[in-house]
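A, B, C, D, E and F label the chains in the order they appear, each numbered from 1.
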Amino acid sequence: MRLLILNPNTSDSMTAEIATAARTVAAEGTEIVARSPRFGATAIDSAAESYLSAVGVMDLAAAMLAAGEFDYDAVILAGFGEHGKDALQEMLTVPVLDIAEAAAHVAHLLGRRFSVITTLARSIPPIQDRLLLAGLDAHCASVRACGLGTAEVDADPAGAVQAIVDEAAKAVAEDGADVICLGCAGMAGVTGAITAKLGVPAVDGVAAAVALAQALVGLGMSTSKAGVLAAGPDNPRCHWPLSTSLGLDP
Amino acid sequence: MRLLILNPNTSDSMTAEIATAARTVAAEGTEIVARSPRFGATAIDSAAESYLSAVGVMDLAAAMLAAGEFDYDAVILAGFGEHGKDALQEMLTVPVLDIAEAAAHVAHLLGRRFSVITTLARSIPPIQDRLLLAGLDAHCASVRACGLGTAEVDADPAGAVQAIVDEAAKAVAEDGADVICLGCAGMAGVTGAITAKLGVPAVDGVAAAVALAQALVGLGMSTSKAGVLAAGPDNPRCHWPLSTSLGLDP
Amino acid sequence: MRLLILNPNTSDSMTAEIATAARTVAAEGTEIVARSPRFGATAIDSAAESYLSAVGVMDLAAAMLAAGEFDYDAVILAGFGEHGKDALQEMLTVPVLDIAEAAAHVAHLLGRRFSVITTLARSIPPIQDRLLLAGLDAHCASVRACGLGTAEVDADPAGAVQAIVDEAAKAVAEDGADVICLGCAGMAGVTGAITAKLGVPAVDGVAAAVALAQALVGLGMSTSKAGVLAAGPDNPRCHWPLSTSLGLDP
Amino acid sequence: MRLLILNPNTSDSMTAEIATAARTVAAEGTEIVARSPRFGATAIDSAAESYLSAVGVMDLAAAMLAAGEFDYDAVILAGFGEHGKDALQEMLTVPVLDIAEAAAHVAHLLGRRFSVITTLARSIPPIQDRLLLAGLDAHCASVRACGLGTAEVDADPAGAVQAIVDEAAKAVAEDGADVICLGCAGMAGVTGAITAKLGVPAVDGVAAAVALAQALVGLGMSTSKAGVLAAGPDNPRCHWPLSTSLGLDP
Amino acid sequence: MRLLILNPNTSDSMTAEIATAARTVAAEGTEIVARSPRFGATAIDSAAESYLSAVGVMDLAAAMLAAGEFDYDAVILAGFGEHGKDALQEMLTVPVLDIAEAAAHVAHLLGRRFSVITTLARSIPPIQDRLLLAGLDAHCASVRACGLGTAEVDADPAGAVQAIVDEAAKAVAEDGADVICLGCAGMAGVTGAITAKLGVPAVDGVAAAVALAQALVGLGMSTSKAGVLAAGPDNPRCHWPLSTSLGLDP
Amino acid sequence: MRLLILNPNTSDSMTAEIATAARTVAAEGTEIVARSPRFGATAIDSAAESYLSAVGVMDLAAAMLAAGEFDYDAVILAGFGEHGKDALQEMLTVPVLDIAEAAAHVAHLLGRRFSVITTLARSIPPIQDRLLLAGLDAHCASVRACGLGTAEVDADPAGAVQAIVDEAAKAVAEDGADVICLGCAGMAGVTGAITAKLGVPAVDGVAAAVALAQALVGLGMSTSKAGVLAAGPDNPRCHWPLSTSLGLDP
């Protein structure tokens, strides 16, 4: 089984970390390939960057499809609260998973109420929106921010642990959460610390998505093409794929 | 990995069918054991039978725990809309999955709106309640009944296909569903027919639960004991486990 | 008019207290009979105990029906947040009332927002679920716990008053409640203290259920058999009623 | 026990009918007094008439209070979907019941989903609003109109039966209702026909309110004065009570 | 363009203030006429006063229509949380705007979550009800009270500024509001202080309503008469318009 | 006052039509400038095209800002259900309006329930999502599709009238709508036909947005920068603005 993980930002170091985290939990026989867009931002902390990342991963998928190089059993979009999953679902038939939703699904299976600990306060609303649109908000006790930006967490994951654990403790004590979801791809190493200190399951979105992708592929399921996720009409586009027009190598 | 599947009714033939369905989708290395309660009803079509089944599976788990025979990595409660999952979660630390919730989780990952096709109309409200309490109702387009009782579907699964496919067709055309969940453990063989005729993914709850159980076990997750799913206080009970008091062999 | 009150736990002293509380508010000509199951737990503080209690009261009703001894105009299930009301409604035609719902109905009639004060924190979620499923959660300001278990309250009702009044005071001040519901059958004596100290109406579920049962019987109403509360199909059951199989006297 | 029923329209014949309906279900020892405002409309089929009726019943209560003639244990506002209950609750300490809410409470106690059958289609939205604000909409399957105005139903209640039963049949068959509420005070005689033809409980709001009022008075409960239903500040008013300024006899 | 602003209370000074506030923001060519009812209360701090004010503005509109003096392009009901808008919409064909709803609409266009700062705590529930019924509550972060009555704010608007700004600061810091709506017609001068101190947009309902009224009139829109806002049936009324019966000059 | 209208697709003819429609309703002294992105699709009928359009309008705004050419009092994003508004709000301080939301706001002011008539069925879900996220879904009776694609409506607006009016008629008769919103920028000419044939107000999103933009500018309001709409952090981006990297003239 081959899983393609799309890191929506352009940070190579974070892409590598995500790949490592994914391989840690992948089953034997699951091959992990991680890629990032050929244009965009090194970190995603705004709606503008989120849209740019969505087009970046669409562009990457389109270029791979055009080159006949798309050969994966499922795709994971590794942005916590970022846009783009539905576009990839339209373009592909294999399952496409979003790490925020994957974490929420796993959290539902383990407890009664989950909280998400994200980076900056400005990332709270997009995560709330993602969960609302995905129909996964009813058991969300809270979305909280540890106050560190994506790049800061990426640069110093170890140093971010204390801030994240502290915020998770508040989610458990004040909001009634009995499961914690880590709201950022770069937070992967923190789950152990949370469970050790707070005694609650902690869910990393990338790990959750790898496990769920394996589950869907194992079931032989593919994305429904009977509704809005069917391929769109063939409206003319100019300069598309953008990376090709920009002369960027795949 | 060893998975225990608890068929909440006492029908041995349905227990065997469920086990077969589970083994069909289980990964290599996953061992499936299916059991049913030592008292209860042969089919569950009422709230009364549902509560009885919940106590039946609790009794089975308690007897296995008491006998030191509980040796499973996860448990699947194979009743679509039945009670009991939260009680098993309290009693155990390994993940406990409900097939209605498992089917709904998989459906969320494949499309935008799912419908459930169950047996009798009187089973619609408990399934709606299950999804509401699980926080999985927002993307549920409808719960529909094919008009055949659990026992009828069990007795003649092949003959039930047409009725189920017809109802699924209405769910797609009238309710906007793009994924169908089969709302009964005995309906397992119908998924192929639905996908072939309607072109939508069809999700069997037992299969979904096996895949998700494997995913959770693979991630090393266990049920949260930080909230309401912690073991309850040790209040005195009389005649418990009931099966022991009834002199029934495990 | 004859009302049957089913205490879902097996504590004889609590059954007696409930009967006394009910008789205090019953109209002239209303006869109160209180019973508890012949198996189960002495207090209900978990989902497992709640399901066991549901089967216990079902068993009692089944045995009474089988013996031709059921001769009541309405039934009150005296567990705050416990399961079983819908099963009793299926089995009977006379009105069946749940004390949590009864308290909530009365609270709606007296104010704008009510809070429930229950025993342990682990009882909060099942009460929230009960109100959600009953469609009575929109005006619920909060469900709070005084920190004492059912058995503790039962053992020392007088000593529990202060803890309950303190928690009720927070519900009024912080959550905006203008009516308090007592979330435990054993709390009956506390209503006077709450109203005296906080100046808000305090509703005891048993009292509320007796008054509403009298109202329904006075109106000549019975449970609807046109939907999911109709008697279920006659699926074969083994060892049922359990108490008969256990050789217990009615 | 003395109950004051306030018919919000000025039709003496409808006031008399309401009084008769109330006396039919009232317990022995309950005295029923029915009154209507001294100004307003003969039937209420618009928001404007509803507000006018609210001020009409407030005026009546104010005049009675001013004259020292208010001597009732509870008040029933007999307009289905009309305004004014909260104002009466502010002015009085005894319980005040609204017949739409009372019918909905009784319906909750008897089944899973209720529908309301009202008069004209234009009365559907205010009833929906009333149930939404009262927190009683979650189990409302539908509000339907039989197409006849309040005055038409009042003038010919017998003739309206068929139209109402027909609409109730649709509510049961198409909307899943298992209890029917009659959405107009003048429909009281129809309950028997609905239950006879459709086999579902049918709830008349006036009867429900009388029974619930008796229940509340029996419990010794009064309206909460701890929140928004406390008496308002003493802002100066001119020409109040209006009926006194208009020179109308009480 | 001629706009009629109806101050629902009878305070001439507040009517004058409202007119001044409206003229400050009105476009060139927009003529503002402000009126208040000929009976009612000098301030509105209860449901009773709110209903009375609704009938007061209806009476005024009816008298103007009867006298052939209604010559306005839109009407603004200047009560924050008061009743009456729907009745005016039934009576008229020109747009009718409510200042609470107008403020909420403008707030939606400027930010993600708004809070309302009103006068007394007892005004919070009616504002919440207004927003709920208007379908404008989902983005409302909170409704808070500064603790001063309408009349107090009216008497000393300058002195109320600090209390209002303080409460707005809490809405921003604790509730996540990024826009503040002033929940009282007499608070108009406070917007500048809030924006200056808190850096968030502050919306005055009267100003918002004037701007939106101009927008609707500019688009040539009128109230829908295809649904519940159509003129009601011609039910006989007595003593209507009340002001005429009271012998009051228009 | 200068308003910038951003047509998210690249069709010059549709951009011209939108400009004409906007000028028809703009007040004297309002200057309308309409632009479309320098890359993207000629019509937007999928999530992929919607994200591409969002980046297209962001790119246009960024290029204008970089060139010091942004000189507008408000911006209107003329895509019905398309992404991008929040990104523009982050980038700018002047008000940014979305035509779907603008139409919904105007609809709220005119009636009780509105329906949206869009192009293809696949456009229904994104419009539902837009309204849900905007908190404007509670009064939405339905979103319906006339079955014609954006390009088809654009190519032959006159020919599309009948299909749209027919669907609007169903919305009024079956869904209870009393206001119709046109769910596509190219449908502007249809409003008159709907009102003429169905007697309900019909709202064009571009016209609504122009009127509301004028209202906000008239009030002197700007986008809140106190929350998630503040400018994002300055994360490094490559190839941005894309149009500059592509060598496209502004």
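Simple rule for what comes next: a contact is a pair of C-beta atoms (placed from the backbone, for glycine too) under 8 Å apart; a residue touches a chain by one contact, two chains touch by 3 or more.
What you are looking at is a predicted structure, and each value in this text was computed from that prediction instead of being measured.
Novice: Which chains are in contact with both chain A and chain F?
Specialist: In this structure, no chain contacts chain F and also chain A.
Novice: Measuring between Cα centroids, which chain is at the maximum distance from chain A?
Specialist: Max centre-to-centre separation from chain A belongs to D.
Novice: So, what's the distance in Å between the C-alpha centres of chain E and chain B?
Specialist: 54
Novice: Using Cα averages as centroids, what's the distance between chain B and chain F in whole Å?
Specialist: Between these chains, centre-to-centre, one finds 45 Å.
Novice: Suppose each chain is reduced to the average of its Cα coordinates; what separation in Å results between chain D and chain E?
Specialist: Computed value for the inter-centroid distance: 29 Å.
Novice: Two-or-more-chain contact residues of chain A, please, as numbers and ranges.
Specialist: If we look for residues of chain A contacting two or more partner chains, we find 112, 125, 227-228.
Novice: Using the touch rule from the top, collect the residues of chain F that touch chain E in their complex.
Specialist: Answer in residue numbers: 25, 27, 95, 97, 101, 105-106, 108-113, 134-139, 172, 176-179, 198-201, 203, 207-208, 211-212, 214-216, 218-219, 221-229.
Novice: Quick one: which bits of chain E touch chain D in the complex? Just the residue numbers, please.
Specialist: 10, 39-52, 54-55, 58, 83-84, 86-87, 89-91, 120, 122, 124-126, 129, 132-133, 149, 151, 227-228, 230-233, 235-240, 242, 245-246, 248
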